[in-house]
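The structure that follows is given in the form of structure tokens.
Labels run A, B, C and D following the written order; every chain starts at residue 1.
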Amino acid sequence: MTTAYATDEMMTIAAARALEGRRTCFVGIGLPSLAANLARATSIPDIVLIYESGTIGSKPPHPPLSIGDGVLAETADTVVSSAEIFNYWLQPGRIDIGFLGAAQVDRFANINTTVIGDYRRPKVRLPGAGGAPEIAASCRETVIVVRHSKRVFVDRLDFVTSVGHGDGPGARERLGLRGAGPTSVITDLGILEPDPESRELMLTRLHPGVDVDRAREATGWPLKVSGRLATTAEPTRAELTALRRLAAGTEERT
Amino acid sequence: MTTAYATDEMMTIAAARALEGRRTCFVGIGLPSLAANLARATSIPDIVLIYESGTIGSKPPHPPLSIGDGVLAETADTVVSSAEIFNYWLQPGRIDIGFLGAAQVDRFANINTTVIGDYRRPKVRLPGAGGAPEIAASCRETVIVVRHSKRVFVDRLDFVTSVGHGDGPGARERLGLRGAGPTSVITDLGILEPDPESRELMLTRLHPGVDVDRAREATGWPLKVSGRLATTAEPTRAELTALRRLAAGTEERT
Amino acid sequence: MAVTATLAEAVEAGIGDGDSLAMEGFTHLIPHAAAHEVIRQGRRDLTLIRMTPDVIYDQLIGAGCASKLVFSWGGNPGVGSLHRLRDAVEHDWPTPLAIEEHSHAGMVNRYVAGASGLPFAVLRGYSGTDLAEVTDSIAPLTCPFTGERLTAVSALNPDVTVIHAQRADRAGNVQLWGIIGAQKEAALAAKRTIVTVEEVVDELPPHPGSILLPHWVVDWVCEVPGGAAPSYAAGYTERENDFYQAWDAISRDRVAFAEWIDANVKGQP
Amino acid sequence: MAVTATLAEAVEAGIGDGDSLAMEGFTHLIPHAAAHEVIRQGRRDLTLIRMTPDVIYDQLIGAGCASKLVFSWGGNPGVGSLHRLRDAVEHDWPTPLAIEEHSHAGMVNRYVAGASGLPFAVLRGYSGTDLAEVTDSIAPLTCPFTGERLTAVSALNPDVTVIHAQRADRAGNVQLWGIIGAQKEAALAAKRTIVTVEEVVDELPPHPGSILLPHWVVDWVCEVPGGAAPSYAAGYTERENDFYQAWDAISRDRVAFAEWIDANVKGQP
């Protein structure tokens, strides 16, 4: 049953599995898009994919390079304006799950995609917010998909672009954020989930072959580890085959 | 050249003439719709008719019974939602002229279409506001088309549904109403226009065969008469023919 | 998630006594068949919400289903008064009817706010009119950037919205076109949505000017051909203008109205 | 009232130094040809407005046309950074670039407010983020009905909006479809509007999913086939994904960038 696979593949497959039981997914670009399309190609064929370009129910045969590729509109149930996608579909909280990437994540799963360094004189100017702040605020839950490193998992964000669990218990309620916030952070090393009490991210799963020390070393704060730490199930052959077919399709088109 | 015609026909023809030089018209139902379609059939073939049902650029072969008749959508340049017609098209003041009817009009061309009598215990419950308050507020100018009688031209409105010139000079500015307000009130007896100073309606034209006394008797306040009172030009044969063809078309369809 | 049902089942499951109920359709696609089913099932104490109450609500009001009306224009389009509405407001017959009254711009923005998950919407409206004095869901609001005075209207989130559409597929995706009014907003603002359609089809071919409500925001889909009559469904049926004119006489008289309801609504399946 | 013009004429007449300029198109129908004409005509000190600045604004910024950028996501979609944008923000090259930064939801609502003749729009957004601290056009707002705290964003009313569309008729009615983004709002919010189109046709046949901008809200229509490249026009051209990937290397280097602009923009008609 075991097949060789890359850590990125494990991450994407774990992210796809996180969609199980969800009906509608607001998809960001990059790894989240690949994971969402993998879920649709494997265990959740009926999942409704919604892209911030305004396509609802897109069924692309391969994940798009950009969120505005023509195939997203051509295969959609309906295409709506940017105003409508944010106001009528995202904001009211009618979408089950949002998939987000990040440049920096802190222990409360808050996200920075704006700048590294000082805002007015940045060391690295990142792309900025895009749809993320409102995806993070309004989806019923969010999942963050990001590679695990100290550069990403930082003690303190240089800029809060999108709110996860704010400064801890009760923060989302105080801020008027109506979705549940991040329910997991999926990396190439394992899965972090907020502690139900403190809302601080806690390592709950390691991918096969990864140990706790490696995850701790890749995290910029003292990483808490769940007392019930588990190991992610290996990718199945079906998952890997589907993922590689999808990834090849995207590359072929570029 | 003279042909027998009804006073309502004179009123509608005078209203159609009021559209000259205007490019876009927000049309209410009834007499205003007939007048707007008459203008399109005669002197202003390119006028863009906009109905509050969301049809932009409707070119009905006959004026519709209701503002939602299928022909308005079928012949339109585009059909938009109710939200869009009010928010994107009417509210920003991009429409040249709005045509309104009324149950009561006062000397400042304010309009009541809500109740006769007390609001909580009305003698007559009228249909209400519809699109009128915002047409009156936002079109670059408005024209009111209404039959002339003491029941309609009242000293004091039972209810202010839509604002004309408020309580006089400066009222529209104080209320933040950006259109110029009513520039004329066209009746079956003549035409009233706001005095440039006082904003009070003043009789500026009589239709052929009508005298000042008749207009005064049909007005519920001491009607001011312009020092340059003129007589409306008789309907031309072309206007009458076009009007009767339009009116017959509507009746045929009902 | 859309369920296919008979109209009787959907009304039974979706609309209860005391509910706030929006039946939208701006002169087009008015869900008359659903309203008749509400009358047949004898719902009471409804808060009826609709921009243009129209003949459909004249019937519900006259049949005693409503205790409140939220609206912006209550007439028989192109014909005149709604006599059952007037009788209720002027003479409390058959029961008293509270009213909450707006302009079209205000009503549609209330649906927009409801569909957008916002508690209110902003517009340039009502300024200088008497409407703000008689309607609690209108309030002044100041722009935090310019200091301008604008108007806020509170969101509408009906318990149930009912609309009629041209067609749906078997998954419950709903497609409508022509004059589209406030149907999308009213449906998205509601807690529950019932859609009657001219036909249920295997595939929904793209249609110019059409909008789509995805199956996952629709609760019940009911195939009811002609379900908009005497209103119409563009591409399927024509507006029965003569019925709108005939309604004036029928509705003027309490007895004639009751007889009409008995013969045309209660006596029907 | 729409006038047919060459792109050079429209840019000459419609866009001046110091103007605020929105070029919209969400990954689709991006008006690249118009941006190149702006570079050729040497416009300076522009305030560039766009949800997704993207390669089109990387070029305008690198060419020194802009002094300010108003945006919500400044990346090369699916590829990575916008290096000219970064060079301007990080190193003031070729000139300093002020930024006014929002989320997509905020930006699009600013266009909605602008198109609606309102000074601001309301949304559930920015709460808890650092964006409100660095951006003046974001302010808190309290619901007058519920007391909830929401966020206001000020309206955008660009001096000029430029969009690319599939086609226009000879009167200047403009039709576009596919991913429609914020084009309608950006056009309706602007004082002046320039539209480049794939083709000018005698009649605009209805097309599923299409929207129309009537001739009387458009100022200039320019026939520019392929005017969206390397973006695309659904039904006419394909997205040049390889160009977006090649842009990463071209734009990383100031000299390579300048050479590319000389060869592909300034050297062209």
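We take it that a residue touches a chain if its C-beta (ideal position, glycine included) is under 8 Å from a C-beta of that chain, and two chains touch if they have at least 3 such contacts.
Which chain is which protein? Per UniProt: A, B = CoA-transferase subunit beta; C, D = CoA transferase subunit A.
In this text the structure is predicted, and so the values were computed from the model without any measurement.
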Review point. Stepping chain to touching chain, what's the minimum from subunit C to subunit D?
Key: 1
Review point. B-D versus A-D: which has more C-beta pairs touching?
Key: A-D
Review point. With chain centres defined as C-alpha means, what is the inter-centre distance between subunit A and subunit B in Å?
Key: 57
Practice item. Round to the nearest whole Å and give the separation of the Cα centres of subunit B and subunit C. Key: 28
Check your understanding: Just how far, in Å, is the C-alpha centre of subunit D from the one of subunit B?
Key -> 40
Study note, to complete from the structure: Contacts with two or more other chains occur in subunit C at residues 112, 117-118, 123-124, 148, 150, 184-185, 209, 211
Review point. Hey, what residues on subunit A touch two or more of the other chains?
Key: 78, 87, 91, 138, 178
Practice item. Specify the contact topology among the chains shown, as one of line, ring, star, complete or other. Key: other
Revision key, fill the gap. Pairs of chains in contact here are A-C, A-D, B-C, B-D, C-D
Check your understanding: What part of subunit D is in contact with subunit B in the complex they form?
Key -> 1, 112, 115-118, 173, 184-185, 188, 211-212, 214, 216-217
Practice item. In the complex, go through subunit A and note every residue touching subunit C. Key: 23-24, 48, 56-57, 77-78, 87-88, 91-94, 138, 178
Review point. What residues on subunit C touch subunit D, complex-wise?
Key: 117-124, 137, 139-141, 143-146, 148, 150, 152, 154, 206-210
Practice item. Mind listing the subunit A positions that touch subunit D in their complex? Key: 29-30, 52-55, 64-70, 72-74, 78-83, 86-87, 90-91, 114, 119, 122-134, 137-138, 159-163, 166, 171, 175-178, 253-254
Review point. Okay, in this complex, where on subunit C does subunit B touch?
Key: 26-28, 51-52, 71-75, 77-79, 81-82, 85-86, 89-90, 101-105, 108-109, 111-112, 123-131, 134, 148-150, 178-182, 184-185, 209, 211, 232, 234, 238-239, 241-242, 244-245
